[in-house]
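One chain, subunit A, appears in both complexes that follow, with subunit B as partner in the first and subunit C in the second.
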Partner chain A sequence: MIHRFRWYEYGLIYLAHLLLLIFILAPFLEALLVSLRPLNAIFSIPYRFVTPDMGFDAYVTMWKNVPLLWRYILNSLFIATSVTVLALAAIIPAAWAFARFEFRGRDAFLGAFLAVNMVGGAVLIIPLFKLMVTLRILNTYMAMIVPGAAFTIPTGIWLLRSYLMRIPRELEEAAWVDGASRLYILRRVIVPIAMPGIVVAAIATFITAYAQQFLFALTFNSVNELSPLPVGIYQFFGRQRVIWNELMAASLVGILPVLVIYVVLQRYIVAGLTAGAVKE
Partner chain B sequence: MGACVGQLNLKDVKKSFGAAEIIRGVSLDVDHGEFVVFVGPSGCGKSTLLRMIAGLEEISGGEVRIDDVVVNTLPPVKRGIAMVFQSYALYPHMSVFENIAFPLRVERRPQAEVEQRVRTAASILKLDSRLHFRPGDMSGGQRQRVAIGRAIVREPSVFLFDEPLSNLDASLRAEMRVELVKLHAELGATMIYVTHDQVEAMTMADRIVVLDGGEISQVGTPLELYHLPQNLFVASFIGNPKMNLIKVRCEKVDDAGIEVALPEAKGTINVPVDRRRGTKPGHALTLGIRPEHMTPDKSDLNLRLTADVVEHLGAQTVSYAGMSGMQEPFCAVHKGTAPVRIGQALTVGINAEDCHLFDGKGRAFRRRVDLARLAAAGDI
Partner chain C sequence: MRALGGHQACFPYLLLMPALVVTLAIVGWPLVETVRLSFTDAALKPTENYVGFANYAKIFNGSFPSVIARTFVWMTTSVGLKIAIGTAAATLLNASVPGRNVIRVLVMPPWIVPIAIGVFMWSWLYNGQFGMISGLGQRFGLLSGPFEFLAFKDAAFLATIVTDVWIGTPMVALYLLAAMQSIPADLHEAAWCDGAGRFYRFRRVTLPLIMPSIATMTLLSAIWTFNSFDIIWILTEGGPRDATTTMIIDTFKTAISRNRYGEGAARAVMIVIFLSLFSGVYFYLLARLARRAIRAGGER
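Then we have the complex of A and B:
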């Protein structure tokens, strides 16, 4: 298909882009502005875009005010990374099986995975809590990692499966004829070829794990040292007042790792998410 | 290369998917060192049969033996076969060297042996200078050679080829055909080759297996299939352009042959074939004559035709003309640049000894052809 737009059509398209971007980025901009303001200027009425005495003080003082902040950030990274690794260990072989092998109940399982995603973690918090008590893993990293992985696996399988289905079956058959075992084929043939798809699944899992850890950390962990950033950030809530500028500064610093990963790997994401959409 | 044994026996081999029978009882014996081509139209089951021999498809019934061992339930690697796929099935993330070395890596062979065997295979296939390339940087013909190299390093008793040349363009295909024949002579291994292209089958095979609807229609050398097709299917499948098949009526049956009358009183011709009990005057038969067997002079029967389409190929001229008793136009090949024009009448002569005759069920009457004499005369 060839598209030729008129100038006003281009105008409308860019206007739509602009609106969407403003909608998405405005909170980030506000967070940045708040983090730069002194605390007493935050609630000034009328609202002013630029207030006097803006600076990066909050980025320095936050480390003193909440001494464990670096620990929370590291916890967040550690939990999200562990969730990703654990989830991938299950996603890769499972996605291959769902993509390639015929077995009874395959489609039913895939449907069930989607259903799990629809239910979501919050509904299952109480049964999960009881499970954690029984397994004696309450207040450990495990309590936050295991459910995190469990809830990201279904999406990961769906994502990676569509990618794996594009790999020609003959590649596996050739390896099979040459005497390779299933695991050998997975390791030496499928995983290297599917790397772009695996990266996409990994990023999607990491971002989800980073975002969803609040719920599990809040319910399954009460040890301060193990808290991830979203929970740790509550330390900025004082008895009398909330230190908004430091809170926002900490949030932005906490988002940075994900942002960096996303920027570095975004070409994989675009390639991977659209993979299989069009027959080549 | 190590000594290859390479005997393959199929006994009443069957394959069905649910109620659908894809392979309906195939029996075949392939000797050591033979180049056997499975040929047939798409959907005839030739690839399925190959995959059953390879161990990629389950065998529903019958027996597959390789080197006198029943391999029905063995995994491919234990069958002593190597397979080359239509799409080459090269691993895009590995170098040519690693692609060829793959089967040896699976067996965890020592590095020195891997090096040596890969280099031997590469030199046979003239890939020496390209071992560090990735498959993506190579042409189709080179990729196919890498795929063959991966089969060679395993030193299998039987090579299986699944339409290996159909992804190549015409000139490269002709080149690779010659190379494969040379390779076969060099390795002396048994090769089973699947193709839908009857030219590939005719040029490469020691023996051709023509498959039709999951059954063997005929097995024979290329010349046997060309001169003595046992049925209408083989007769029309082998040869290009296709054999002309004309509906005729049986006039007279005697020891000299069978005399048949062409429709619309175009004449009669006495075809020298062995008679068969039950064939009587009045029966509907099918007369077959190959387009290349037209003689301009001293023929047994002259046909006056009007060409609808004429193709001038330089070395020969092909004409197509409407003819009663035929579903397709009557095709004739004239030597050189013949003065044949569209819409103009032309006369083609046919000789009785070139004719084929088939009964109402499509079975051929035995022609009196001496294959040894034909081969000696170089009439290929």
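Then we have the complex of A and C:
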């Protein structure tokens, strides 16, 4: 059979998988080991994977030393969700326009949106700061949500546009002939049929928005209660003595909700992005 | 009656309006303002004066050319590794062996978790006294003593690349895996019937068919890698002795850490020009290669 491997081929394939997984998971393993050690055992030589006095103490004490940890976790999820909702409100109509309508300057507009990908947030940080001051949203959730959304819109438009281009236009045209208005068609025809594509765009936006919460939050927000998880944990580094075991414990607990969501939904995430991203 | 998708006066523009407003406000206007600032001596003082191209002259007489060279080496090494490891990983994850689905799940976390948190973990791995890499290196006799990876120029340069590769590879692997799965199975089966071996099939069937995806991913990955800020900033802040100061870090240090907005803006403008040129050249080469491939195919 075409897919049958010989025993040594199985060996090589699993060996390669093992090397890949070591590279991918080593930081998580190291974080787990550090979080389980008492602080003085972390600073011990020579390096050992397992030390006798390991325990879950850091997972208890971190709630006292980082009283806002819950807030940081929820802030991260809240900001990423808001970015996704705001971005989708812009992505869905724009993707429909690019996929179905002919209008002057269409390719130029599409090119301009894609060119946004080339400009990183760090490059524009000075004028953005001024803008946040002018709009009076410095030190609010909005200061982290709006820039986050702006930088995810282009990729979302691209993903959803390719999806919309693949679905037949007969349904829309039937509704049009029956006298439905264009906005009615968008709401009652496009959004329901394009739901799988919208979900893919939403997942891609959410993951990006969740993963990249650092620079904007660090620069545009100085209110501790509003900080997302990475910035909340980054404050550990500013202290006199870095409490490494609690830092790692807080990091692992902080990312746990999203990892659980990912494992539960992974079938849809991989299948969805697979279908949406490639078949252009 | 007019067709639904035909020429419309203004409806498509209405559809674009939300996306346009957000993009113009957050990217468009700041970009214009950055260009304006780059011709001024704006800093932490109440007034600003237009100084012509003085900022650009200044940065090109300084260390900027070496920063450009360093950025280019950093980006190409990192993107090359991401594409190479990503292609290899996609091939592995596509092989039909038991346990494949579990491994697919386990490979993705670097892409899911916040970049900054992943980098916190790496910063401990690189710790010379107590970190895992230095510790295991000494155990197996690869290192003679504690080695602080982020304290030496070359080691820090490589360390930031490795972390960047760690964060970027899962996305590349997932994308290329998707491309491989969209290859019709009959192509592989036909080649197999003709007696083509596994390696030959990879080179002659898989690779040519996923080439467009590799090309797209290379460009996207290059742009993201070029703009990568969090990783270097958290690990080294551009040090030691500027060894990991890429263009983006250099811009941030000038503008935010030293409050020289004008000079920082000039650097930011150079980044945008540099990336546009890079993408332009890339597209041009790609189009030429595609034309040549079509011509070669037609002659046969």
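The working rule: the second predicted complex is superposed on the first by the 253 of 280 C-alpha atoms of A that agree within 3 Å, B and C clash if a C-alpha of one lies under 4 Å from a C-alpha of the other, contacts with A are read in each partner's own complex, and residues count from 1 in each chain.
Definition applied: contacts are C-beta pairs under 8 Å (C-beta built on N, C-alpha and C of every residue); 3 or more make two chains touch, one makes a residue touch a chain.
What you see is a predicted model, and the numbers here were worked out from it, not measured in a lab.
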State whether A:192 touches subunit B only (first), subunit C only (second), both chains, or neither. first
Touching A:254, do we find subunit B (first), subunit C (second), both, or neither? second
With both complexes superposed on chain A, which partner does A:171 reach: first (subunit B), second (subunit C), both or neither? first
Could you say whether A:107 touches subunit B, subunit C, both of them, or neither, answering first, second, both or neither? neither
Which one hits more subunit A residues, subunit B or subunit C? C
I'd like to know which partner A:118 touches here: subunit B for first, subunit C for second, both or neither. second
What is the contact status of A:184 with respect to subunit B (first) and subunit C (second): first, second, both, or neither? first
So, does A:213 touch the first partner subunit B, the second partner subunit C, both, or neither? second
Overlap of subunit C and subunit B interfaces on subunit A (superposed complexes): 173, 176-177
Complex contacts: residues of subunit C adjacent to subunit A: 1, 3-8, 11-20, 22-23, 25-27, 29-31, 33-34, 37, 85, 88-89, 92, 95-97, 103-118, 120-122, 124-125, 129-132, 134-136, 138-139, 146, 166, 170, 174-175, 177-179, 181-182, 188-189, 192, 213, 220, 223, 226-227, 229-230, 234, 248, 251-252, 255-256, 261, 264-265, 268, 271-272, 275-276, 279
Sites on subunit B touched by subunit A in the complex: 54-56, 75-77, 81-83, 85-87, 89, 91-93, 102-103, 105-107, 150, 154
For the subunit A and subunit C complex, residues of the former touching the latter: 2-3, 5, 10, 13-14, 16-17, 20-21, 23-31, 33-34, 42-48, 76, 86, 89-91, 93-94, 96-97, 100-103, 106, 109, 113, 115-128, 130-131, 146-147, 149-151, 153-154, 157, 169, 172-173, 176-177, 182, 185-186, 207, 210-215, 219, 228-231, 233-234, 244, 247-248, 251, 254-255, 258-259, 262-263, 266, 270, 273-275, 277-279
Of subunit A, residues touching subunit B in the complex: 168, 170-171, 173-180, 184, 188-189, 192-193
